[in-house]
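Next come two complexes built around chain A: one with chain B, the other with chain C.
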Partner chain A sequence: MFQTFLFYFFSAILLFAALRVITARNPVHSALFLVLAFFTSAGIWLLLEAEFLAITLVLVYVGAVMVLFLFVVMMLDINLDRLREGFWNWFPLGAAIAIVMVIEMALVLGGRYFGLADMPVPEARPAGYSNTKELGRLVYTEYVYPFEIAAVILLVAIVAAIALTLRRRRDTRHQDPAKQVLVRARDRVRLIPMPPEPKE
Partner chain B sequence: MTFAMPNLQPAAPEIFLLGAVSVLLIVDLFARRGSRFLTYVLAQLTLLVCAGITIATGTPETVHTFSGMFVDDPMADALKLMVYAAVSLLLVYSREYITVRGMYGGEFYSLALFAMMGMMVMISASHFLTLYLGLELLSLSLYSLVALQRDSKVAVEAAMKYFVLGALASGLLLYGMSMIYGATGSLEIAKMAEVIKSGHANQTVLVFGLVFIVAGLGFKLGAVPFHMWVPDVYHGAPTAMTLFIGSAPKLAAFAFIMRILVEGLEGLVKDWQGMLVILSVLSMAIGNITAIAQTNIKRMLAYSTISHMGFVLLGILSGGGNGYSSAMFYIVTYVMMTLGSFGMVMLLSREGFEAENIEDFKGLNQRSPWYAFMMLLIMFSLAGVPPMVGFYAKLSVLQAALHAGFLWLVVVAVILSLIGAFYYLRVVKLMYFDEPTSREPIAPQYDVGFFMSMNGLAMLVFGIVPQPLMGLCAWAIQKSI
Partner chain C sequence: MEIFQTVFGPDWGPMIFTLVKTLVLIVVIVAPLMVGVAYLTLAERKIIGYMQVRIGPNRVTFFGIPWLGGWAQPIADGLKLMMKEIVIPSGANKFLFVLAPVLTIMPAMAAWAVVPFQPEMVLANVDAGLLYIMAITSMGVYGVVVAGWASNSKYAFIGSLRSAAQIVSYEIAMGFALVGVLMASQTLNLSGIVKAQIGAGFLSWFFIPLFPLFLVYLISGVAETNRAPFDVAEGESEIVAGFHVEYSGMAFAVFFLAEYANMILIATMTSIMFLGGWLPPFNFAPFTLIPGIFWLLGKVAFVLFLFLWFRATFPRYRYDQIMRLGWKVFIPVTLIWIVVVGGWMQTRLWVW
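And now, the complex of A and B:
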């Protein structure tokens, strides 16, 4: 009973937040509503006994991705009025795509193909059951091969990002930490002995 | 729950490659700037050792490891060996080109080897998860290779297009895979095939998923109507990268189709056969007819790729051992021809000059009779003129299609390849009967010249004695499928 209440509570906030993401005028507000949406969906995942994924969602998306988003939104000077231009011209196309998507979702989620008969409710786990431990065990045993490939993909991403963006420009001013720590006081500060001025 | 340590031996080439690339990344840091010869030699050595390991650990049996996610069968071994050969050859061809254009960093080699690792993962995947991860590893490396020439606007635009459409295709594939997972309850290809065969899976959901998978495969392969990115990317990318995209990954794409459609969704053959017929006919028609109108040789070869992919699909949809082995033979010869033709385009380019237009081949015979002859062999082979290997490849695919009862498809394919012969022969005509526009001598480095000659002569040799290669393909398919 309490769980059902929690589910509706989270869902209502989630829907509200998701709607505000696309309707808020200020992009910073949109980003903050997206944070709220992530947070409440993490709550729903907790109800589904997927606690590891819920925590990861908060840590990765709220903690890292959204902060990056906020940075980008604040750094870029986005002209909102230009973005909103031609909204009504594109509205029929967007609406048509949205309707198709709704129909598809209804077909998939409607219960005819993936109903409770095909996908029974998983049995509840005992209290001490650790989802995180199970995931870790699977990732390092059965799924070790795809896990390693995923690691290689990340390595490729690093190599590619550095290869594409690292450029040595002479006109930028940059700091060289190695030189900074080697600096001694006498290189920077020169003490000049001066005779005190005679009193008159 | 106990877990048995997986047998690492079948995956030895991949494991060695990963170690070698990591070493290469480190060694490259200490190499002198501007002189990457060491990296180049190490990359070639890596390929050589990988080939050695693949031959040494290859068995005629099918071995599964890593909880059924990795499969090592004769088809995988054969395709991997061909991938090594293709990558090694393209590294030879493109060294001069990328040096001159300032892309000769260690990244080229590490990304190329990472891309190759992606291909190997795809080739020996027996699980949707590994298939997809291999594909992403390959695609991400290719996107960044195309963008490596970041000061060129065209190259960056090509990379962007390739990236966006590639991401879309991956999305389609994933959507299809998730549908099939929903219907069969397994991501492992062998288990999936069992469930489909038993008839317990929901047919509607399966076909729904299949449509998405075929569309995604069509995108990756560049088959009409999912071909729009091919000419733009081939044209915009630096020729060395076009050579890369156009050659070795096609072998992996072939393995990808075999694993998904033939091994996994064999039970739905009636459904995907019809879809492939449409893709195949459209690809052959649009590819061959549009290629006639091109003046840029890279665009022309891009459309020719599309039409050749139509032929490969024709072989696959014909089914049976004959159809699959003829499709494999076709894709292998196609990779050889692509290496030759784009290698030739790079051979004619030099510092500050890109031999991009068909006009640039004018009077090649007067500038260098030997390389004009090599280009003639390659063009004849692409067109499918009798003593060349391209003819034999087309013939075997058509035979398989005829055997499967697709008479009208065979007639259409023959007519369309006749139309296609026009634009290949036009290049030959320009080389032999027109006056050259430039007198610049053609003097490639010794290794490039040697391999280019081998590549051209291979068209003739494999055309006259196709049996060993054909036999290898037939054996690999028969042992694996």
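And now, the complex of A and C:
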């Protein structure tokens, strides 16, 4: 019963936050509501006993991705009037896509072929069951090739992103710390013995 | 338990009992933490004072007792901050301006839920405790970013940008250091991590096989909490006080509390994961008689002393050098050591 209460509590916050993401006038507010939405959906995943995925959602999306998002959004100077210019022109297309999406979701959730009735309620796991361990075992045994392929694709994406932004200017001065630490005092300073000059 | 069942009935009784028990335990953890934070500020001023051949605060006492000189200083500071007005700058985003200190202190407190102080002495003995700590502490950066943006001030904004980039960068190195710990202990549960270090006294603690990771974790911890020598987010000489320039009174005090609570948290995590948590350093009589929580507190105090010592010793890093240290030194070091540990664990030389 308490779980049902928690589920509705989290769902209400999630729906509100998701709605505010698209209706908030200030983009920074939208980004922060998106953070709230991620956080509450992590709470709902916890109720589903998927603690590893829930914590990873917070760690990756809330802790890293959204920070960078916020970073960019804060530095933008967005003119809201220009963004809203073509709103009514594009409204019919947007509404049509929204209706299609609603119908698809209704098919998945309520239909006779996919509906909840076909999915038995999963058994509650015993207390010592480690979600993380099971997931790790599957990823490194049964699904090791898809996992490796995904890793390689991500690596390619990282290399490409860095290659796109990397530029080397020849005319800037820069330091090479590896060379700096190798410097010895005798290479730089030369002490010359000089007799003191007599006072005149 | 029985009283609650008779008062609220068999359905609600156990639930309300759990709720009340948890709330009381939270107070039992947070209240000493806040006292610890207050006296950590005093310790910092005293220790840095002595390191710079000064005396530090030695005036404010309780009830005029002369030999308690200085001991009431944190209380006096707290009272002063509570009495001051909270100025909200014009053009600031009021809601976010007030929300930012809350966002900063919330993770610093919430992380303590899974910290084991002794065997069985933990609020929530969750299975994925290590992941929980990482996830919760990674949220601390929002307070800083939101504070900088909501203040409507250039200095605050620059400070928050610096801090956000720094925290996100060092989190990666920290995460990899924790991967090493979890490989060595084979569990994500914090009590389990301490139990994996039981053995031949301090020789079984993870700081020996994972020494590079221990150093990386400790230094990244300093960077995560924006402490000197990585305190470019505050950088008094360049951007006044960074993200909290515009904050005054209690709103500023909350940032201050969060910083010190985070320091204590990082010190506790270092003690639990690398220095054996509540375990005594030797397995014979005078050491094993002392309760585990005192060993943990002693280790935490030692790591905190290191934090203060760093601050008194090192000059502030330049920003590009902070980034270089994080990305080009710490992350490769942790990656290499994870591979080394992985290979080491397959041999018979792995005795931890």
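Here is the rule we go by: the second predicted complex is superposed on the first by the 166 of 200 C-alpha atoms of A that agree within 3 Å, B and C clash if a C-alpha of one lies under 4 Å from a C-alpha of the other, contacts with A are read in each partner's own complex, and residues count from 1 in each chain.
Keep this in mind: a contact is a pair of C-beta atoms (placed from the backbone, for glycine too) under 8 Å apart; a residue touches a chain by one contact, two chains touch by 3 or more.
Small disclaimer: the values here were computed from a predicted structure and weren't measured.
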| item | value |
| --- | --- |
| Partner chain in contact with A:70 - chain B first, chain C second, else both or neither | second |
| Partner chain(s) touched by A:11 [first = chain B, second = chain C, both, neither] | neither |
| Chain B versus chain C as contact partner of A:152, first or second or both or neither | first |
| Contacts of A:30 with chain B and chain C, given as first, second, both or neither | neither |
| Residues of chain A that lie at the interface with chain B and also at the interface with chain C | none |
| Residue ranges of chain C in contact with chain A within the complex | 11, 15, 93, 96, 126-128, 131-132, 134-136, 138-139, 141-142, 145-146, 149, 157, 161, 164-165, 168, 171, 188, 321, 324 |
| Chain A - residues contacting chain C, complex | 1-2, 28, 32, 35, 51-52, 55-56, 58-59, 62-64, 67-68, 70-71, 74, 130-132, 177 |
| Chain A-touching residues of chain B, taken from the complex the two chains share | 1, 3, 6, 11, 18, 25, 66-67, 69-70, 105, 107, 110-111, 114, 117, 121, 127, 129-130, 133-134, 136-137, 140-141, 143-144, 147-148, 150, 182-183, 202, 204-205 |
| Touching residues (chain side chain A, partner chain B) in the complex | 113-114, 118, 137, 141-146, 148-150, 152-153, 155-157, 159-160, 162-164 |
